[in-house]
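The structure under discussion is supplied below as structure tokens; questions concerning it will follow.
Going by the order they are written in, the chains are A, B, C and D; count residues from 1 in each one.
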């Protein structure tokens, strides 16, 4: 039962990743791309981690995965901020 | 031979990898090439995981994609004269090199396929697993690196030392970065200690699970890179004399452990019975620090300010 | 023998040759350094493919250790090459 | 237990760390380390001469799983030569590098290079050989770039990238061998290898990598700039030892490990390339403007001679005649090692004292620097192959082998090469003995002039009159590791 639920979570995460990647490729400017990428990826990763926790079953493992998720969120938020600020400064190039 | 979903996944991964490599190498835009190369490294790390080589997946992500990537990105700041005329050779010559390349790849593939299909035995795997009990660790890759083929690893540390000394001899470090804004500063202050903890964990766990000195050392080096991005100057590194000892430590620990055995009438690098686990942990700790400092100094790009004064202090004149 | 071994082994051979070619014909030093790394990665891929023994059996640890050594050697060489390249720009003519 | 075998590798490595830790004493530590290395190598050669080849299974693991070191006559001879050359060039470097900080940079890398060379000579494992090749490559490049002149850095970077490509070709061959035969140990492979596609392709890849590293024509293009722009003691070792390391492996693979796999056609190919190297290298040396460039091109030519032996060895049946030819090859490699390092060191003296090394402005050198010019002349005798040098005897054997096997083709090549060598050596001497005032300064520092002189004497006199010892030591099964009990 938990395995099935976990798999569903992971499948759902794939949809978010796909959306994020399409956004990265198709959206017109840096800020919009960043928006698509960070939002979709963070949610996607969250779902992936949740699914993996369910399938893995260990509490310790779940904690480690959760830590990974938090770290990635932390880093990607700041990276996104840096990229956005850089883009603002440079003006719109791409 | 049955074709399963796994094989489709494998083909997809292989094609993606080749595509990434091709676009990283064929474009004239170097920045793009470097970014694609980092993506290549990450994909490779995924493939290591697929091929059940988690130790390599960790090392590739940390060293192959991570640190190499950081070094290459930094190198983009140095302009080359030749970059302006990144011209391609004439079309006929180009065709010839492509044909030669295909010939090379084809002969390699021919030999490889023949070899793998004719030799289906376990090669050295049987021997390695058979002697795992006596190696002092239960992670077979660590056993090969630090015990069965420890001599390779010893010389590999010498390679790293040679590269580091070469970089130090070329001149002084790059200018440090400007102090970052609040957010990046916060990231640096939070991440660096965390990296140190994770490195310690990887070192410890390397004895029985994926990890070990190299992955841990790379993470520590990543901490140096982060701090550097956060505006660290080389004065904040350990004292110059200590740096020398740290650089030498990995090899020195190996040699001491190696000759320890010879006093017990054993071969060089043969760990006395019961001591293997402890000796391996000690060697790995020293090696981790050497690796971290070497790679960190490589990121600094040259000798830290005042490095040469080590030799002239106390000079009479 | 397994199809997986063949797929990655042949891909490794292609990468090896591709990198070798670029390293010889490119003018830009940075591109050549990248190419050497790609070429090396191709050989590493072949090594790890040799070690693979299916989903059930633990792979041969010896090639894994060799590749780990190779990765460290590669990053050392890359670091030295990049340092030389940087110095080339700074060094004055004579 | 043969733990002795580790000493020629571990002594320089240990002293390299010491030189890194005590930079102020780097020179004394370095010289001491090289002396100890020389003693260890001499002892090893003595043991090998007395009681035959030696083997050590590192870590106590059976070869295959672990790595084995071994020494036979060929490896211990080269070990001894490299220890002597390193000590002489190292002694010279204490006068060459005036700044203490330069010496502190030089010594740890120098000792690492010795570690690498000795590790290569003793290694019995294919992958370990790859690591030693990379260690040689990186430390040699770092040394060649010392001083930071733009030309030197540029040549060093090119040298690095080509060296890496050579190592990668080698590694590709190693991967194939492991896939096909399931071991990396040379002695096990020696009995397993058969003439089949896997072995052929793997050997071709490895040999191509080694040819690139040993700068066989037409893969020699990286050598002259790298060797001519490095600091003098480094050039000496690059030409005398580093290219010889790749050549040693070629010999070891060709005549010993892959003995059953190689073909006569391939031997002829190497011989022909060697012949072209002799002619092209000698010609370029004759036309060189700078003394160091002359020395570098002369290395290309001298390496060519060594490759002429391959088709001859392939044609000779196993036995006394073949052993003699092999002995001649080794004698030639040794003589060239000593003579070429002497030439580079002497050039270094001239370059520092005169401020340049342009051949046509060497006038007065013979009066200002008589010892150094005498060294040049002695080294020249060995390079041309005049008696009593070791090269003379080696070329003599080369001639007789060419006649014995009916391979007349090589004889005009050797003769032309020797004539061209005579021409470029006398061109140097002609200008050096001219009375013009191109070179003015005298020096009294023996550290700078004596090492080169000693090396030149070793090449011309000792290896000439003493060649019989080399012969006796080397010929009965120079490559005899397989017979270790």
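The rule we apply is simple: contacts are C-beta pairs under 8 Å (C-beta built on N, C-alpha and C of every residue); 3 or more make two chains touch, one makes a residue touch a chain.
Values in this document were obtained by computation on a predicted structure and should not be read as measured data.
Peer 1: So which has more C-beta pairs touching, C-D or A-B?
Peer 2: C-D
Peer 1: Can you give the whole-Å distance between the Cα centres of chain C and chain D?
Peer 2: So the centre of chain C lies 28 Å away from the centre of chain D.
Peer 1: Take the average of all CA coordinates in chain A, do the same for chain D, and state the distance between these two points in whole angstrom.
Peer 2: Whole-Å distance between the two chain centres: 57.
Peer 1: By residue number and range, which residues of chain D touch two or more other chains?
Peer 2: 127, 131, 134, 138, 141-142, 145, 148, 153, 172, 175, 178-179
Peer 1: Give the residues of chain B touching no fewer than two other chains, as numbers and ranges.
Peer 2: If we look for residues of chain B contacting two or more partner chains, we find 108, 112, 116, 122-124, 128, 148-149, 152, 156, 159, 162-163, 166, 170-171.
Peer 1: Pull out every residue in chain C that's touching 2 or more other chains.
Peer 2: Expected reply: 9, 16, 19-20, 24, 29, 33, 46, 50, 66, 69, 73, 76-77, 80, 84-85, 87-88.
Peer 1: Kindly provide every pair of chains that touch.
Peer 2: A-B, B-C, B-D, C-D
Peer 1: Going by the contact rule at the top, pick out the chain D residues touching chain C in the complex.
Peer 2: It comes out as residues 127, 131, 134, 137-138, 141-142, 145, 148-151, 153-154, 156-157, 160-161, 164-165, 168-169, 171-172, 175, 178-179.
Peer 1: Where on chain B is chain D touching in the complex?
Peer 2: Interface residues on chain B, with respect to chain D: 107-108, 110-112, 114-116, 118-119, 121-124, 127-128, 131, 147-152, 155-156, 158-159, 161-163, 165-166, 168-171, 244-245, 247-248, 251-252, 255, 258-259, 262, 265-271, 308, 310-315.
Peer 1: Spell out the part of chain B that touches chain A in their complex, as residue ranges.
Peer 2: Touching chain A: residues 181, 183-184, 186-187, 190-191, 194 of chain B.
Peer 1: With touch defined as at the start, can you tell me which chain D residues reach chain B in the complex?
Peer 2: Interface residues on chain D, with respect to chain B: 1, 3, 6, 10, 13-14, 16-17, 20-21, 23-24, 26, 56-62, 64-67, 100-101, 103-105, 108-109, 112, 115-116, 119, 125, 127-128, 131-132, 134-135, 138-139, 141-142, 145-146, 148, 153, 172, 175-176, 178-184, 196-198, 200-202, 204-205.
Peer 1: Can you list the residues on chain A that touch chain B in the complex?
Peer 2: It comes out as residues 71, 74-75, 78, 81-82, 85.
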